[in-house]
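Look for subunit A in each of the two complexes below; its partner is subunit B in the first and subunit C in the second.
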Partner chain A sequence: MLGQIIYALPFLAEGFAVTLWVSLLVVVLSLIAGVVLGVGLVYGPAPVRWAVRIFSDTIRGIPILVLIFFVYYGLPAVGIHLQSFWAAVLALTLFKTAQVVEYLRGAVGSIPKGQSEAAMAIGLTFRQRLAYVIFPQAFRRFLPPWINGVTDAVKGSALVSLLGITDLMQAINQVIGRTYEAMPLYILGALVYFAVNYALSLASRRLEQRFAFIRE
Partner chain B sequence: MSNASNAALLDVSDVSKAFGTVEVLRAVSLEVKRGEVVTIIGPSGSGKTTLLRCVNFLESYDSGSIRIDGKEVGYRDAGTRQRRSERDLAAMRAETGMVFQSFNLFPHLTAAGNIMLGLRKVRGKSEAEARQIAEHWLGRVGLAHKADSLPAELSGGQQQRVGIARAVAMEPKILLLDEITSALDPELVGEVLAVVRSLAEDGMTMLMVTHEMAFARDASSRIVFMADGGVSAVGPPAEILAAEASNERLRSFLARFRASHF
Partner chain C sequence: MGYTLNFNLIWRHFDKLWGGLLLSLELAVISIAIGIVIGLVLAVWYVSAGRVVRSIIAAYVEFIRNVPLILLVYLVFYGLPTVVDIAYSAPTSFVATLSLYSGAYLVEVFRSGLEAVPRGQLDAGKAIGLTPWQRLIHVRLPTMLRITLPALSNTFLSLFKDTSVASVISVPELTYGAQWINFNTFRIVEVYLVTTAMYLVTGYVLLFGLRLVERRFRAAR
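After this line comes the complex of A and B, so read on.
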């Protein structure tokens, strides 16, 4: 039994690499899109605020599984054909973006108005106010829910196996299909996911402590 | 020539503003000359703070005109109501310093860092140069030893003195002070007012909203009494106090004030 698992390890490692790659893409893309849209939601003119609000509420109201199938099986109907890998990344990114928008809104909204005004009063432009006054303070509040969201993204990436992409989850299932050793392999998979996410939470706690000097 | 020393540095003329149906400013006109210290007194809700915030365009105004050194604040030209660009507004605001009632120091930056931010990003000074200016001004407000302290480590009076240093380090044409001692414990008020007084002696032009009547009387070139969104009386301190006899609103304001501050 052990021999079979060891024999399968390189294959599982390839799956794990796909899991990490999907997670990384989703986390980075959703961070960029979410921060841009979040700034639009907080500071934008009314039409922009409404558009972001509708996007965020709609996406968050749809189960992620439905979103994945919709992008992969639904979009071809309107002429958009994506490879399964990119369809999965797009769906997960949309889902995660909507969450990042809310984290950003909460974090930026918690900064007192006087901070923006003081920054305006010394002549900083909008971008400078965000970069040097608002974001550094909002960062500490943004971080904990966001890291939480990153661990969700790693776990959620297992859903890409449903489109036949050979990530860690799919690799495990395939090895089980050959060896009929379900329990040890699922335990191995669980441990790998756990190790990644636990490392992330530890890093998060470190970072939070580093920024703890900023008073509430 | 707008730079002549007798011309008004700040010229507020006929400024009106409403929040919905509430008129907070009604055709306010006011001049501040270079080197003058003008204090605005008046009951709460009389529009003092709103007026001050219009001067650096933290608030927009509906009509009238505000000029600093001849240049229209906030709008491209008097009467056009065309808002200046973000870049333009920022550049204009850098010419007016503002000190807030609630200090509004940046909590993630040290005392020196608070002062250096505008010097670095707006004035384009080098790190070393900005640091030197910050230390100079921290020395002026008696906080040279607190340069590397975070705001949370400072008392209210110390924070407000950093707030003043942050504003004056930008070398503004005019300093706006918005009830800067109202959030302070009584025993800390003196140290902040002493700093303001020393700036006044150096010739800094100031427009100040305050409830410190004794300070207004002793340190002002002129006092403006506002009531119901308009200027009700204006003149040198002695004149304002004498006007009490003929100005019903001023009399009741000062009477209430005396009653609550022995």
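After this line comes the complex of A and C, so read on.
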């Protein structure tokens, strides 16, 4: 039993690399998209605000699994052909973007209005106000929940196994298909996911403590 | 592009989606009911326990929260029966998994709720001569439940969405019904549009209802 599992380790490691790669792509892409849409939600004109609100509430109102299937099976139907890997990344990114939008809205919303007004009074442009006044202060409110939310991306990435992508989850299932050692392999997989996500949540908790003493 | 929407086949097989939605709700309701019991017992135990028990409860909570739900579902359905001599159907297995899963989140919710009960209330309970058990049942738990009600409804809403994972072990809930129609009729865009709408409408109706309940029982300020 142990021999079979050791034999499978390189294969599992490859799957784990795919899990990390998917998670990393999703985290980076959703950060960019989420900040842009989040700024649109807070400062944009009414149509933009409405569009982002509907986007975010829709995405957060449905299961990620449905979103993944919708993107994976739906896009080819309307003539857009993506590799399953990129379809999965796109679906997970949409999901994570909606989260980032809400983190950003919460963080920016927590900055007292006086800060913005003071910045306006000394003649800063909109971009300068964001770059020098709002974002530096909102950052410490944004960071802990965002890092904690990275665990959602790692956990969500396990769903890409359903599209036949050989991530850690799929690699485990394939090894079980060959060796019939279900329990040890699932536990091994659980421990790997746990190690990654627990490290992330510890980091998030430490940051929260570190920023906790700063008060307006 | 050039895709023409045609919902006829979706309506013909709508019972798959409707029945699936009802099953999703059923799975979520049973799981949160068991999860609340797990969460309450462990939270009350946690706040009064010594270090060893605390670390065991904390280990359970951290383990569940940091592992993907789909892996837990596989582990319980395909893994557990290979080492323990038990047999269960896919829905039972999923309810067991989701109960343990929600239990872990609810321990945290209830634990912070218990700590948020004002000290003065407990002292007042002591002053009128209530035993520790009476203080727990008549003072601590009711106040704690009022405080945690919003977190409880959020947990329920996310559990409702999490029931979609049951489709991976062929439990015929809403996502499974959507996939069935997807593979059998190829009206892909239509079926996921309808499914999305069903999740959204159900979710917002639940949210609205739960907010009404919260307002009714809001903790006195």
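The definition used in the following text is that the second predicted complex is superposed on the first by the 211 of 216 C-alpha atoms of A that agree within 3 Å, B and C clash if a C-alpha of one lies under 4 Å from a C-alpha of the other, contacts with A are read in each partner's own complex, and residues count from 1 in each chain.
Note that a contact is a pair of C-beta atoms (placed from the backbone, for glycine too) under 8 Å apart; a residue touches a chain by one contact, two chains touch by 3 or more.
Treat the numbers as computed from the prediction; the structure is a model and nothing was measured.
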Touching partner for A:I6 - first (subunit B), second (subunit C), both, neither: neither
Superposition-derived comparison: subunit B or subunit C, residues of subunit A touched: C
Subunit B versus subunit C as contact partner of A:Q137, first or second or both or neither: first
First, second, both or neither for A:A46, with subunit B first and subunit C second: neither
Partner chain(s) touched by A:G74 [first = subunit B, second = subunit C, both, neither]: second
Subunit B versus subunit C as contact partner of A:L124, first or second or both or neither: first
Common interface residues of subunit A - those touching subunit B in one complex and subunit C in the other: none
Footprint of subunit C on subunit A - complex, ascending: 58, 61-66, 69-70, 73-74, 77-79, 151, 154-159, 161-162, 169, 172-173, 176, 180, 182-183, 186-187, 189-190, 193-194, 197-198, 201
Contact footprint of subunit A on subunit B as seen in their complex: 56, 58, 86-87, 90-98, 100, 102, 104-108, 117-118, 121-122, 150-152, 166-167, 170
Footprint of subunit A on subunit C - complex, ascending: 1-3, 62-63, 65-72, 74-75, 78-80, 82-83, 161-165, 167-168, 175, 178-179, 182, 186, 188-189, 192, 195-196, 199-200, 203-204
List of subunit A residues in touch with subunit B within their complex: 112, 114-115, 117-126, 128, 132-133, 136-137, 213-215
